[in-house]
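Accompanying notes for the structure given below.
Naming follows writing order (A, B, C, D, E and F), and every chain is counted from residue 1.
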Amino acid sequence: MKPGPKSELAPLLAFGAHPDDIEFGCGGVIAREIQAGRKIHYVICSHGEAGTHGTPKQRTSEAKKAAALLGATIEFTELDGDSHLEIRAAHSIKLASIIRRVRPGIVLAPSLVENQHPDHWRLGQLVRDATRLARYGGLKELRRQPRHIISQLFFYAVTPEAEPRDITPVLMDVSAPEIISKWTTAMNAHASQTGARNYVELQLARARYHGLRAGVSHAIPLFPNEPLVLDGLLHICDKHEK
Amino acid sequence: MKPGPKSELAPLLAFGAHPDDIEFGCGGVIAREIQAGRKIHYVICSHGEAGTHGTPKQRTSEAKKAAALLGATIEFTELDGDSHLEIRAAHSIKLASIIRRVRPGIVLAPSLVENQHPDHWRLGQLVRDATRLARYGGLKELRRQPRHIISQLFFYAVTPEAEPRDITPVLMDVSAPEIISKWTTAMNAHASQTGARNYVELQLARARYHGLRAGVSHAIPLFPNEPLVLDGLLHICDKHEK
Amino acid sequence: MKPGPKSELAPLLAFGAHPDDIEFGCGGVIAREIQAGRKIHYVICSHGEAGTHGTPKQRTSEAKKAAALLGATIEFTELDGDSHLEIRAAHSIKLASIIRRVRPGIVLAPSLVENQHPDHWRLGQLVRDATRLARYGGLKELRRQPRHIISQLFFYAVTPEAEPRDITPVLMDVSAPEIISKWTTAMNAHASQTGARNYVELQLARARYHGLRAGVSHAIPLFPNEPLVLDGLLHICDKHEK
Amino acid sequence: MKPGPKSELAPLLAFGAHPDDIEFGCGGVIAREIQAGRKIHYVICSHGEAGTHGTPKQRTSEAKKAAALLGATIEFTELDGDSHLEIRAAHSIKLASIIRRVRPGIVLAPSLVENQHPDHWRLGQLVRDATRLARYGGLKELRRQPRHIISQLFFYAVTPEAEPRDITPVLMDVSAPEIISKWTTAMNAHASQTGARNYVELQLARARYHGLRAGVSHAIPLFPNEPLVLDGLLHICDKHEK
Amino acid sequence: MKPGPKSELAPLLAFGAHPDDIEFGCGGVIAREIQAGRKIHYVICSHGEAGTHGTPKQRTSEAKKAAALLGATIEFTELDGDSHLEIRAAHSIKLASIIRRVRPGIVLAPSLVENQHPDHWRLGQLVRDATRLARYGGLKELRRQPRHIISQLFFYAVTPEAEPRDITPVLMDVSAPEIISKWTTAMNAHASQTGARNYVELQLARARYHGLRAGVSHAIPLFPNEPLVLDGLLHICDKHEK
Amino acid sequence: MKPGPKSELAPLLAFGAHPDDIEFGCGGVIAREIQAGRKIHYVICSHGEAGTHGTPKQRTSEAKKAAALLGATIEFTELDGDSHLEIRAAHSIKLASIIRRVRPGIVLAPSLVENQHPDHWRLGQLVRDATRLARYGGLKELRRQPRHIISQLFFYAVTPEAEPRDITPVLMDVSAPEIISKWTTAMNAHASQTGARNYVELQLARARYHGLRAGVSHAIPLFPNEPLVLDGLLHICDKHEK
């Protein structure tokens, strides 16, 4: 139960369907975990080529810049392309192979709510399946990589309507000024997206709304795929017990 | 975020409608938290006088023995009597007064599922209201006690059908042999109740079932009244990351 | 598993908040069960004295006539009066005493959906509690009556909005012409109620709607309080297997 | 379908458990409806005497000022007192009598979510029952007042956690600067409440969050008690069709 | 807020998986909207070639006749064929292209409930995705058509079990005799389908059932994909306020 | 209503995604129905080739042995292979063809809960679609086989998390020692799977947990796809009425 030194923390692996999904959906959590000493790796599954604003080249470069600002590493992988994502076993196996390579403790993926950009929930479903396939020993395509079992899959919501109503969230406190500041900077790195509509302000208002519920300044909801398993109530409530 | 020495932990306050509800519903959690150095106090709201087995005197004495075996302190409070509990503002105020006196971090109460013993969910509702009233400064009846804000209210289920379906539980790992053993001993202390139907075996089977979901041997579900607020993903997942 | 002769069937006990609730909500089921040889007893908990149409005297007499037409026995019990019903432990104990006297297998009560006449769901809640209290051996008020355990509690809906959305119903086939005819006659016995609004036609349209779902002509949904327990799939599906 | 002149609009009747609930929960809607020519009447069911800040006298006077600023009329009614509200048939009848007197088209009441201030959801439940009792012709206590049928009951949420998850809301667009300004002024009239915690900013952040979902600047969710009945899709969508 | 002349109303675009789905699922709404001056266009995605009754040729001709009787225009589009529909990005893009061509305010599609004909909910999902893709500026396949944003997507249910339980419907009043008559005539135009089972009577019974809930004679439920956004309570409730 | 001789019972058709799913998920129900004289046929849709333990050859042979021990017949059908299953219309048609050949009354398939092995819920969805396609007369691929309408589709859960929360289950009593014994033997026939993790003990603990809810020793939940249709309350409750 005693956490080891920081270098032992398993990395966090975050999946995004488009170059800006991770920053807009849960960038504050990324900033917080990096501050806590965790290694973070992004897998982005398109170059945002169907978006109204920004060329694929611009958006790729913005994503790299945002990840670098936060301190995360990043890679791109090709599935079906922006707005063309389909549920295919081959995709899940491809993502499972990445999981076996990175060997994360925590995985983040877009939520499964279907009333949002179709790439978001489909990627969420593919990632969930991938976390299972990463465990199965007999999968021919993955035989050269040792099996891997993650600790927990959390879903994040890119927009308010993507927040599931049937999972009780955990609210991640991102109120510290340096976290808000890092997050804001990272969102602003997606310059092609922040012109037309003020997405940055929108995400901060959303974090403020959830902060209200949490009794803190700003919070980001994460939605656990499985019930959390705790071996005691010590850590979870310490913050409040003062 | 760094937990202080154990003596600083705010106490845990557990409410039961009948003398055996806490042990049968979440005794393993009690055993685990006491092992972790937390002070635990029980408030029992009847003497079980409507039950089919055991006299009020026997049951009171069994409850005291069970609490002592686990290391918890215990008190009894009178509301309307076994199987006669009603929702009254005066009851919530009475329970709020206890909360202001004990000043707990965590509070445990029976779940709100209405398809169970009517005293259970009514007590759960009274306790939830009481945790709010404990915060309100203008309540005449409570003016002599300073306001108190708890950290988190968790609901426990005395029986399978009392497990809420609309709250994602946290699964408390109670697999350690000494915890199972302490819990079993405490349940057996309610000797008048364990004759007719094998309640002890039933609760262990239920913990086994939830252990299946948690990937551990035995687990007890707790149902948070509010989303958990975390300031990082460090502690919650460490156990799994090995 | 083999049903005994008809005379051995435990009686069915149906509760209504107002004189016409049982007929309008599930009269077709009553007709069908009486045809099958089951004894049925009604307990009506007001004389409908707050209704817009009909005097208490008229309504009492209509209820007696309707019950007689179907072949059920009937009694009235006083709780708080029409539109004044409150949740009180004393009421549940009173109803539990009736359950111990009648010793039913099946109990019917109005559904728990709160967006309907306030007497309906409150009576449903009181009856559910009463079915539990009937089992508890230590209840002082009931000590002279032996404990009783019912087989199943089903809820019925008096109106469409009273149909619960979170319980999978069983659909009772009431398509046989003689059942529809008996049910219609019994509803029409509530003559003071059928003038202003065509309640009879409304209930038949509702049964037609549920018949659509069941693949039969007319059906009435009942909502089990507990999952049905079956010892085989034999009987449940025979009708469809032809 | 053609709306008559404004003077014909049935009044809107808003219920609040405490002097500031209506302004904080749905003040922007009040401002908007008054601008549209509707008469609004408030019924406040306590003087906020259990609150941490402000005396009953102060809070009464603040409520009157806030109502006047928006253009609403106001009355206070005594039920059980702040933080003491219970579900009693007599309360519903008292509120039904007010409904028969005011004869509103639309009624607003706090939501039924039970995890909030206990007075809020209990008042919501009492008001819902009252809207039904107002229709029943035989209720002795109300016989001197003619029956009244309202058009629709909407629930409002005083805090984020009071927003029901099982009703699809309608989102009321309150983005117009003069509406936001009026609403803000009315909230600030509750001066005793706005010191300790910045409730005004909180409500504006919540309206911003819901504005995100609605594609407008600010919106307030209302939760209809019954499905809306429309006789065409004309009006509901016009705003968007430009 | 003031509606312009009728000719300015954006058209309504209705999708059906089979030639008769729109008439059976929401023909009364179509009749009502055409009466109100709205242009309606149907897109039918198969020729019903897997149905038990009727040839594709017959069914195509029946659909054209039904649309003409109501005053709607109609086109057929090929996806995977009756009972063979799959979720493919290419299908959504094809439907999005139709949306950009027709430029509707309101879109109707079959509901997403999965326990119904598999083509129904899959088409519903494809249409929902298509309404999003119609907005994205970078989609190569659609670049020659200007982006289009619809006002609202409503789902209709072809059968009772296709009515979603997790969306609060709006109930469309279709009680006017000329609407019922037009709707009935249009359903009867699908002569190959109305022989074996009396689908027309079934739909009228369903509308009667929902009329009960709405306090009118007949109503058809529509299920909004997004919360309705209103800029006032004026229009929505006027009908009831008399 | 009177069941005919046993030989007339329509067969039960059970689908499994992997060689051991049926035994682990609902083997006790199979044992019980065979004892009652029903013919049971298994369709297994992979050879378990992606599992961590056991070769496809071993697992095929274990499945045959388990089926033989229970008295069921078995066949294997190829879809996309273990962990590669996708939703394709061609698969549903293939399964519908099997349904038309076997002509079952009851069909069993894995549940639709998506947070489990991806093959499980996809097969559940394919089977549900197949039961519909089996009824449609115009499907070219199936024209040589007469249409078939099943009585009821029940879903079973292979693991606790696969139990749907939104369907009220029926609890199948499998407490008889000879049933438990047959079930245990059949699970143990999957020898390659029972080494690493004690799956047999897990399923018995799960059945014990559900037995608690049912008031019997062991029970297995089945989740009906459609509301059960009953023509009386006679059979369903007899067991309890003693």
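Here, a residue touches a chain if its C-beta (ideal position, glycine included) is under 8 Å from a C-beta of that chain, and two chains touch if they have at least 3 such contacts.
For clarity, every value in this text was computed on a predicted model and none was experimentally measured.
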Minimum number of chain-to-chain contact steps, chain A to chain D: 1
What are the mutual neighbours of chain A and chain F in this structure? B, E
Determine whether chain C and chain E, two copies of the same sequence, contact each other through the same residue numbers or different ones, counting it as same when over half of the numbers at the interface appear on both sides. same
What is the chain whose Cα centroid lies farthest from the Cα centroid of chain C? A
As a quick test, compute the distance in whole Å between the mean CA positions of chain B and chain D. 37
Just how far, in Å, is the C-alpha centre of chain F from the one of chain B? 39
Junction residues of chain D - those touching two or more other chains: 87, 161, 213, 226
If I apply the definition of touch given earlier, which pairs of chains qualify? A-B, A-D, A-E, A-F, B-C, B-D, B-F, C-D, C-E, C-F, D-E, E-F
Going by the contact rule at the top, pick out the chain B residues touching chain F in the complex. 159-161, 165, 202, 205-206, 208-210, 212-213
For chain A, which residues count as touching chain F in their complex? 87-89, 92-93, 112, 125, 128-129, 132-133, 135-140, 147, 225-226
Complex contacts: residues of chain C adjacent to chain F: 1, 3, 9-10, 12, 29, 32-33, 36, 38, 105-106, 150-152, 166-173, 213-216, 219, 221, 224, 226-241
Spell out the residues on chain C that touch chain D in their complex, using ranges where they run on. 48-53, 80, 82-87, 114-115, 117-118, 161
